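Following this message is one structure expressed as structure tokens.
Order as written gives the chain letters A, B, C, D, E and F; numbering starts at 1 within each chain.
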Amino acid sequence: MNDTSIEQYKIRKEPYYQSQHQEVAFYEAAYQARLPVMIKGPTGCGKSRFIEYMAWKLGKPLITVACNEDMTASDLVGRYLLDAGGTRWLDGPLTVAARLGAICYLDEIVEARQDTTVVIHPLTDHRRTLPLDKKGELIDAHADFQLVISYNPGYQSLMKDLKQSTKQRFVALNFDYADVDVETGILARETGIDAGIAAKLVQIGGAARNLKGHGLDEGVSTRLLVYAATLMQKGIAAQSACRMALVDPITDDGDIRGTLYHAIDSVF
Amino acid sequence: MNDTSIEQYKIRKEPYYQSQHQEVAFYEAAYQARLPVMIKGPTGCGKSRFIEYMAWKLGKPLITVACNEDMTASDLVGRYLLDAGGTRWLDGPLTVAARLGAICYLDEIVEARQDTTVVIHPLTDHRRTLPLDKKGELIDAHADFQLVISYNPGYQSLMKDLKQSTKQRFVALNFDYADVDVETGILARETGIDAGIAAKLVQIGGAARNLKGHGLDEGVSTRLLVYAATLMQKGIAAQSACRMALVDPITDDGDIRGTLYHAIDSVF
Amino acid sequence: MNDTSIEQYKIRKEPYYQSQHQEVAFYEAAYQARLPVMIKGPTGCGKSRFIEYMAWKLGKPLITVACNEDMTASDLVGRYLLDAGGTRWLDGPLTVAARLGAICYLDEIVEARQDTTVVIHPLTDHRRTLPLDKKGELIDAHADFQLVISYNPGYQSLMKDLKQSTKQRFVALNFDYADVDVETGILARETGIDAGIAAKLVQIGGAARNLKGHGLDEGVSTRLLVYAATLMQKGIAAQSACRMALVDPITDDGDIRGTLYHAIDSVF
Amino acid sequence: MNDTSIEQYKIRKEPYYQSQHQEVAFYEAAYQARLPVMIKGPTGCGKSRFIEYMAWKLGKPLITVACNEDMTASDLVGRYLLDAGGTRWLDGPLTVAARLGAICYLDEIVEARQDTTVVIHPLTDHRRTLPLDKKGELIDAHADFQLVISYNPGYQSLMKDLKQSTKQRFVALNFDYADVDVETGILARETGIDAGIAAKLVQIGGAARNLKGHGLDEGVSTRLLVYAATLMQKGIAAQSACRMALVDPITDDGDIRGTLYHAIDSVF
Amino acid sequence: MNDTSIEQYKIRKEPYYQSQHQEVAFYEAAYQARLPVMIKGPTGCGKSRFIEYMAWKLGKPLITVACNEDMTASDLVGRYLLDAGGTRWLDGPLTVAARLGAICYLDEIVEARQDTTVVIHPLTDHRRTLPLDKKGELIDAHADFQLVISYNPGYQSLMKDLKQSTKQRFVALNFDYADVDVETGILARETGIDAGIAAKLVQIGGAARNLKGHGLDEGVSTRLLVYAATLMQKGIAAQSACRMALVDPITDDGDIRGTLYHAIDSVF
Amino acid sequence: MNDTSIEQYKIRKEPYYQSQHQEVAFYEAAYQARLPVMIKGPTGCGKSRFIEYMAWKLGKPLITVACNEDMTASDLVGRYLLDAGGTRWLDGPLTVAARLGAICYLDEIVEARQDTTVVIHPLTDHRRTLPLDKKGELIDAHADFQLVISYNPGYQSLMKDLKQSTKQRFVALNFDYADVDVETGILARETGIDAGIAAKLVQIGGAARNLKGHGLDEGVSTRLLVYAATLMQKGIAAQSACRMALVDPITDDGDIRGTLYHAIDSVF
């Protein structure tokens, strides 16, 4: 990866983002001090979109890594590759971000092996360094570099939670589903659907979210509401679109399904 | 894999598919909006056949990946191979599909390691991108690309289920065994067997499906009914063919076996 | 592996096989339709011998793979090897069989990792294809190719059983130990032992098989009876030969041993 | 890594460190005798900062390794890499430190696999050697080499604790959060915040630390207090800054959150 | 490994072996028919020595493999190595034995992964073949080849036992500790110790063997008795030699130790 | 590793070792007969020092391997490395010792994977051979070769203990902490501290050792007493030195700590 390739991580056009509270100001303050930021909130409430928006607003490149259990420290930091002339070092996404001054966004950090996350420690305290042990190099982070992680509190379990020594390196921003009016506006804007229908979809979403913890692991995300509206715009009947987008993907339980189908039928 | 090889994934002749409800229209609407689709249903009810049919109908190449527990993200995304001139990147099937605009069908997604599935996340939201972290490349999906997964609700367990953050990226289509008349037609058409005999086989299939959850983990698939008819067409007696195809492959339990043998004997 | 090497998998001389019921006709019907076949039965009842016999009778090459827990999909399908000129693809046994039209016999399939078995799925439905994901190639199976698996119902446990979506791709043939007369004939023919002594050995075998589930995990296979007869032909006394071949290999339990020693003493 | 690269591990400017008790003298005595040192204390109490300060004060290079569960002995000691002319040995950080006379600081040693830690044994007794088994070389440690580990007593569990045979190779220094006055001074000095506000933050920190073991796994580190002060300096209101920095990162529990929000409101 | 290297596996001089029952005749009969042999018995009763003796007596090379949990099928069968001219196949010990006609002795087979053992199946039935799947080669075993395994019945557990489908491929020979007179003779012959003292050592050994299952997992092997006699021959006092060789290596339990020390003191 | 490199394993100067009982004579007798030796005893009682002393006394090179759970048989025996001209075999430390006639000391053998230890079996019976299966070579051990293992009886658990078939290959030497007078002498000699103070330290050590099994997993090693004396020699006050060296490294338990602090205060 050469220096210019960082350009591909610049957000070229403004992402649609509807601010709700003071989160933009809070984030800007944290970025000015380059404090590491933890974005907390349920699935599909707009965490990734917010970071994209902030990267665009701040004019900084954004490197996103979808964390997973199989991710090793080498996947973040880099590794040696075998080349014509022997081995060659390839920076990982965290190293690229640290060298070139990007915002590095570790999505669903809690999925990563708890101990893999320690590689971010020296980047998240006064040192702002990244030791590449395998290469024998110590990187000083670029002045623009910032680390952001997302975290879904509904997920953590005894097996999977961040360690305190990791948590205590971040300031946190709490996210939740958008308010009714804001969400209605998002649906209308993103799919061109009639505002009245959008409001009905948001109403069904609210019903599903009330079932969280009572048979549903998570509520219905704004994304699924957008899917339902999209299907309706493509000519699918409201009930069918809602079943396809708001119920069937998220549950296999017959009772929960019946409850949600009923909620759909009572609205449309 | 060069650009022309995508041709091998085109479906050359129309697969036999007997539509049952509105699933073709639903799928077309989802494809028009390039929404990711989840096909839910029991073993052998025709999920894979349906996707093949839709790929043929839409004229799009289809890349199928049979998911399994050992499948790593690299198996989907690609890896470096050692070549005469050093390492060479080889796109995985998901990357090929994203680059060249195929429908990518991840069969039995729930078998894959739960966390491996996060690599599909950026392809299934507004970004429609696939970051190749190891290559330092960010792919924008081809306009024709669509992701489809299959999912058998009878399978998921505490250990193996899709994460909500994965589920909430799909619209779902529910599949089930074909209706009696449709299934009878399929048997007759696929094997050339007499319609009356086909109806008897479907009757036995129905008996077996009623035992699901009462000693059988799954009902009898249409495929096994086709096998029974095929054996009869090759000269095997009806009872023997039914035992070989409809009972012995699916259960080792003596009581269940007796019940099903009895059902066969009472029909033929 | 070049095309001619398939010759080494041809069965050169007729294996001794004593048919018992209609299994030969059943198998031939399945082979004519190229239906995948599952051979079910206890250890040492002649499953492998039967497949060898059928391969010889049909004049088709036979590729046998002894499945085990460490077997990966690559062991079946193939892998890249490093060569003087870079990497070179090496077909695995399943791929060789599919390309060149052999019967591929996966012995003790239930030992393989449950999820590894999904690689056989596209070869066992209407597609009859084998996708080599790592090579970017889609193989259409040779017209002569057929897949056969063996399966010991006494083995499966909660941890190790075939998935329904695998089982429902096969027709099944049930095997069991040979009848008394047939087995006596086998012993006499294979070892040249006197028919009266052979009958006594079969009698002891029957006693041991009755202990299955009552202290023995499995009965005594025909193979072990052949061993006992062989040792006697080499001059070992009947009691010693029976203890060495029929009791000591299969149990460490003092009581069971006593019971079986007693059965031997009462016969000889 | 060539000999001169050790320079990059020298601490170039004096780290800010506020001594509390006799820890500086204790450490100097241990270093004079080259005794291995174990720094014990809770998350964020300044263990890493102290070692940096001592390395600066003693004028010795410092090599820090953030330990983790995936770290193998090879990650510490070194490995062979493939090069143009065959394999080439690459010293790991522990080996570099032993050869060139650095202080080697193994941060959060308890995270490392218990048995991996045995590689440090011959370096921590009278031998002061490091056998590179894979290279067939026995290194005598440089006269300036010293090993330091950090250890958080609140972490150890049945699964993760140092072995006695490891522990009994170290002298230990106990660390805890700074006293009120010292911590207030640190906040004021590091962020430029008014001393009165700093005192209030320290007061909130004290409240949170009292909840340790009563709903919080750890207290609030000095680092988080610095974050809160920093956010206030960037214009965020006191309550918001405290919630972002002192509460939301460390707990998802509604009750604990309420208690801490209340503590914040009562102070500001 | 070239063809001549098989010579190194020939037993050059007659191993000392004291026959006890008819085991030599039994083994010779099994070898004449090339039946696979399972040697059963407790630790240190002379199983390995017996096989060495038989290999010498039959004039056949002996290849011994100490089985262990990490042993893969490749360790037995062979693997590709990277060479100057690309990859090169290296036969494993089982393959060498099968090709060149050695007795292959798999020591402590029960330690091997249960499923790894399936690679020996085609070598242990009428086929006498070894498929090298990775090489695409099917080996017909040399006429002199025989497979022997050792098995300690006191070891097997629910986790570690041979599968019935493996056991039922062997004839078994039961071994136990030598009789008093034989063992006394062995001690005298191997160490030159006085027969009276040897008898006393055997007496102590008998006492220890009676504790098997009553605080000792295993009795005292003949080897340890030889060790005690050896130490006495080197000038160590009888009590000390017995404690060093017969008690301290096999138990850490204070009571058992006391009992055995007492038995020693009462004999010497 | 070439033949001359064995020189680096010679002990160049006499290690300080204070004999306590007859262990030197016992070891010499075992070495004369080349019997494998097991050194049993608690952490830090001088096991490693004793072996070093004996190696020096016998004038034999000593190769020490710190065993750990990740150690594979290849780490002991050797492996192929990729070189300019293809693969090259690299002897592991056990192989080097067997070839060149060193004492091979496997420290904390119980840490190694139980089954890895089987590779030492053929070296520890009458064969005195080491089969390098991967290289197809059978090594006859050098006449000077001897195997020594250390073993801490307080460690073994259900999960980690040596197998009887391993234990029964060794004579054992029991070690314990030195007697009061001997230990006092060691402290004075090693650190130059006043004998009266040394006696007080030994007194505190005795108090701590009495707590073994009553809150402490292990007693205080002689090494830690040396550390305390060393710190005092460097000017640290007696109480502080004792806390740093004798208490804080070995326990996090407040009560035990209090008890030991009290013992220190009552002595100094």
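Assume a contact is a pair of C-beta atoms (placed from the backbone, for glycine too) under 8 Å apart; a residue touches a chain by one contact, two chains touch by 3 or more.
Since this is a predicted model, take the numbers as computed values, not measurements.
**Q** Under the touch criterion given at the top, what is the topological distance in steps from chain A to chain F?
**A** Between chain A and chain F, the shortest chain-hopping route counts 2.
**Q** On C-alpha atoms only, rotate chain A onto chain D and read off the angle in steps of 5 degrees.
**A** My answer is 60 degrees for the C-alpha fit.
**Q** Over half of interface residue numbers shared between chain C and chain E means same, under half means different, so which is it?
**A** different
**Q** Calculate how many whole Å lie between the centre of chain C and the centre of chain D, each centre taken as the average of the chain's C-alpha atoms.
**A** 59
**Q** So, what's the distance in Å between the C-alpha centres of chain E and chain D?
**A** Spacing between the chain centres: roughly 51 Å.
**Q** Between chain B and chain C, what's the gap in Å when you average each chain's C-alpha atoms?
**A** Once rounded, the distance between the two centres reads 30 Å.
**Q** For chain E, which residues are shared contacts with two or more other chains?
**A** Chain E, residues with two or more chain partners: 82, 85.
**Q** Chain contact topology under the given definition, line, ring, star, complete or other?
**A** ring
**Q** Round the ring, from chain C on through chain E, what is the full list of chains in order?
**A** Counting round from chain C, the next being chain E, yields C, E, F, D, A, B.
**Q** Could you pull out which chain D residues touch chain A in their complex?
**A** Contact set of chain D toward chain A: 1, 5, 8-9, 43-44, 48-49, 64-70, 75, 81-85, 88, 90-93, 96, 107-108, 111, 152, 217-218, 220-221, 223-224, 227, 230-231, 233-236, 240, 244-245, 248-250, 252.
**Q** Under the definition above, what is the set of chain E residues touching chain C in their complex?
**A** 22, 25-26, 29-30, 32-33, 35, 38, 40, 72-73, 80, 82, 85-87, 113-116, 118-119, 121-122, 125-127, 131, 133-134, 136-138, 153, 156, 164-165, 167-174
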